[in-house]
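Alright, structures below, take your time with them.
Next come two complexes, and both contain chain A; in the first it sits with chain B, in the second with chain C.
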Partner chain A sequence: MNFAEIIFLFIIAVTMGGAATAVLAGSVVYAIMGLVVTMFGVAALYVYLNSPFVALMQILIYVGAVTVLIAFAVMLVGPLYRRPKEWTTAGKFGAALGVALVSLLLFVRFVTETFPRAGAPSFEMTTKDIGRLFFDDLVLPFELISLLIVVAILGAIMLALFARGNK
Partner chain B sequence: MTDFLYNYLHVYLFVALFMLFCGIVGVVYRRTLIGMLVSLELIMNGAGLNLVALNRFVSPENAYGTAFTLIIMGIAAAEAAVALGIIILIFRKYRHIEGGDLREMRD
Partner chain C sequence: MEKIISIMGWETVKTIVGLVGVLIFVVFNALILTWAERKVAGHMQRRIGPKEVGPFGLIQPIADAIKLLGKEILTPREVDRPLYWLAPVLIFVPVLVSFVVIPFDASLQVRDMNAGILVILAFSSLSVLSILMAGWGSNNKYALIGAIRSVAQNIAYEIPLLLALLPVIMMANSFSLKAIVEAQQGLWFVVCQPIAFFIYFIAAVAETNRTPFDLPEAESELVAGYHTEYSGMRFALFFLAEYTNIFIVSAIAVTFFLGGYQGPFLPGIVWFLLKSYCLVFVIIWLRWTYPRVRFDQLLNLSWKALIPLAFINLLVTGGLLKL
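Showing the complex of A and B:
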C-alpha cells in the first residue's frame, strides 16, 4: 500500500462521513457542512479519475454556488433556534432505512454482476477534448442548458415578484 | 500498475452507491424541505461520480460521461435556484417549511 492509496482511503472515508452527516445531523447548518465535505471528497475522487477539469467544476459550481444558495435559503427562512429537530418519527426512519437497504442490495447485486473487475485502461481526457465534444457533438444539449438556466433565473425572479405582489 | 486500489471501478461505484443510499434515507427521513434538497444534491453528486467512473473505466475512448456530468452540474444549479425560490415562497405563505404539513401548492 503506497502513499496515494492511503490518501485515497482517507478521501473515501471523508466522503462517506460527510454524506452520513448530511443526512443524520440534527440541524440544517451541520447538514450543509456535511454536504460541503462530501462535495470536496467527490472532487478529490474526480482527480483520482484523471478528470481534473470536472473536479474544478465540481468545486466551482457545487461548493461555490449550490451550497451558498442553500445557506442563503437557511438564512431567509426564519430563525433556527425556534425550529424543532430535523428528525421525524422512528417509524419513518425504519421505513427509510428499509427502502434504502433494499435498493442498496439490489444495486450491489447489479454492480457486482454487471461490470467486470478489470484494471484501468489508459485514459487521457484533456479539457480540449471535452470542449471539442461540447462544440462538436453535443451542441444542442449545450445550448439547451443555457436556455434552461435562463428560464430558471426568470422563474425564480417571477416567483419572488409574485410573492411580493400578493402581500 | 493496475492493482492499486484507485484503479478499480468498484470502489468508485460503491462510494456513489453509498451516497445514493444516504440520499434516499434523507429524502424520506428529513422533515424540512431544505433537508430534502440537501439529500437530493447528494443523490445527484453520486450520479455524477458514477458517470465519470464508468466513462474512465468502461469506455475511455470518448468523453460522453464527463460531458454528461458537466450537464448535470448545470441542471443542478438551475434546479437549486428554482427549488429555493419555491421554498422561500412556501415560507412566506405558511411560516414554516415542513414537508409533511403541505397539502396543496395552489396559489
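Showing the complex of A and C:
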C-alpha cells in the first residue's frame, strides 16, 4: 500500500465516521458536527481527485451555507436538550434497507457505467467550461432548480407566518 | 539546509517556513491591536489609555498575555466537554488557512493558489461553526443566545460579502489574489467599484462581530455572548482569533480594492501593512463612534439594502464588461 492509498483510506474513514456520527448521535448538535465532518471528507475526496475548485465550492456551500442553515433551523425550532423521538427497531431496519437499496441502484446505474475507469484519460474541465455548460446546454434544468428553491423559500415563509397566526 | 530542501522539496519547506511566520505574525498582530484598540479608545474618549507598562504602555499587551497564560484553565461542571474544548481550537483553523493565500508582497506569499479567495471564503464559515459549538457547549443561556445571533448575522452578511467581491473577480478575471493585485496596476479597483468596496466593508465589520454589529457578544445584555464561560488561555484564543480576523478582512479589502502591495518608493510589504492597518484603524474607530444596532435593524440592513444593492452592482458590472 503506497502513501496515496493510505491518505485515501484515511479520508474515507473520516467521511464515514462523520456520516455515522450524523446518523447515530443522540444530540442534534453532534449530528450537525458529524455532517460537517462528512462534508469536509467529501471535499477532501475532490481534492484527491484533483478538483480543488469543486472541493472549495463543496465547503463554501455545504459547510458554510447548508449546515449553518440547518444549525440555525435546529436552534429555532425547539428545546435542544430534549432527545429526538426514537425510531422503532422495525422503522430503523426499514429505513436502512431503503437507503441501501437506493444507493445500490444509484451505484450500479451511474458509477459503474458513466464514470471513467482507472487508467482512462483524466477528466479535464475548467471553471469556464462548467459555466458554459450551466448557461448554454443545461440552462433549462439550471433555471428549474432555482425555481424550485424559490418555491421552497416561499413555502417556508408561509409556514412561518401561519405558525405565528397571521393569515 | 540544502539537504533538507533536497529531501522535502522546495515547496514543502516554503510552506512550513511560511506557516511558522504566519503564527508569529498572528500573535504579534493581536498584541499590537489590543494595545492600539485601548489607546485609540482612550484618546477618543479624552483619556490617555494604557501608559504605565513600558513607553506609551507598549508592553501592556504582553503583561495581559502573561496574566491570561498564568490563569488556571477552568472547565465549568455542566459544559458539553468535547464541544467546549474543541471550539477555541477550531476558531483558529480559518485564521491560519486565510493567511496562507494572502499576498503580503510580490514574492511574499505562502502559496499562490488559483482559487485563492475561495479558500478564505470557504474556511471562514468554520468560525461560525466554532461560535455555535462554544455557545451550545457552554450550557449557558447567554452563550447560546449569543451563538444564535452570530449564526443569523453571519448568514445575512456572508451573501453581500461574496456579492461585493464578485465584480472584482470578474474584472480581474481570476480567483487568485496575486492576479487580482497585479490587475490593479495603475488603477485601484476602489475607483471603479466604490459601491462594492462600501458593501464589502460593512459586511466585513459585521462578519468580525465588531461594533456596531457586535450583537453576538453584546456586553450590556449578554455578559460576553458566546465566550461567557471561557477564561484564561481559552478566552485568549477567542480574542486572538477575533483580532486576527479584523486584520484578515482588512487585508482582503486591500488586496481586492486598494491595490494590495503596490505603491511607489516603499517596498511592497510596507505598503500592504500600511494600507491594512489604516483599514483596521477605521474599524476600531467605528467601534468607538457608533452605538450598537438593534437586531431587526441589523438583518434589515443586509437583506433589504446591501444584498439588492450588491446584485445591481454585479449586474451593472457584468453588463459593462460585456460591452
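By our rule, the second predicted complex is superposed on the first by the 122 of 167 C-alpha atoms of A that agree within 3 Å, B and C clash if a C-alpha of one lies under 4 Å from a C-alpha of the other, contacts with A are read in each partner's own complex, and residues count from 1 in each chain.
Keep this in mind: contacts are C-beta pairs under 8 Å (C-beta built on N, C-alpha and C of every residue); 3 or more make two chains touch, one makes a residue touch a chain.
Just so you know, these numbers come straight off a predicted model, no measurement behind them.
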Touching partner for A:F135 - first (chain B), second (chain C), both, neither: neither
Partner chain in contact with A:L97 - chain B first, chain C second, else both or neither: first
Chain B versus chain C as contact partner of A:P52, first or second or both or neither: second
Partner chain(s) touched by A:F10 [first = chain B, second = chain C, both, neither]: neither
Touching partner for A:F72 - first (chain B), second (chain C), both, neither: both
Touched partner set for A:V29, first chain B, second chain C, both or neither: second
Intersection of the chain A residues that touch chain B with those that touch chain C: 53, 57, 65, 69, 72, 76
List of chain A residues in touch with chain C within their complex: 29, 33, 36, 52-53, 56-57, 59-60, 63-65, 67-69, 71-72, 75-76, 80
Chain A-touching residues of chain C, taken from the complex the two chains share: 80, 83, 113, 115, 118-119, 121-126, 128-129, 132-133, 136, 144, 147-148, 151-152, 154-155, 158
Chain B residues within the chain A interface of the complex: 1-15, 17-26, 28-32, 34-35, 37-39, 41-42, 45, 48-49, 52-53, 55-58, 60, 62-64, 66-67, 69-71, 73-82, 84-89, 91-93, 95, 97, 100, 107
Chain A residues within the chain B interface of the complex: 1-2, 4-5, 8-9, 12, 15-16, 19-20, 22-23, 28, 31-32, 35, 38-39, 42, 45-46, 48-51, 53-54, 57-58, 61-62, 65-66, 69-70, 72-74, 76-78, 83-84, 86-88, 92-93, 95-97, 99-101, 103-104, 107-108, 111-112, 115, 117-123, 125, 129-130, 133-134, 138, 141-142, 145, 148-149, 151-153, 155-156, 159-160, 163, 166-167
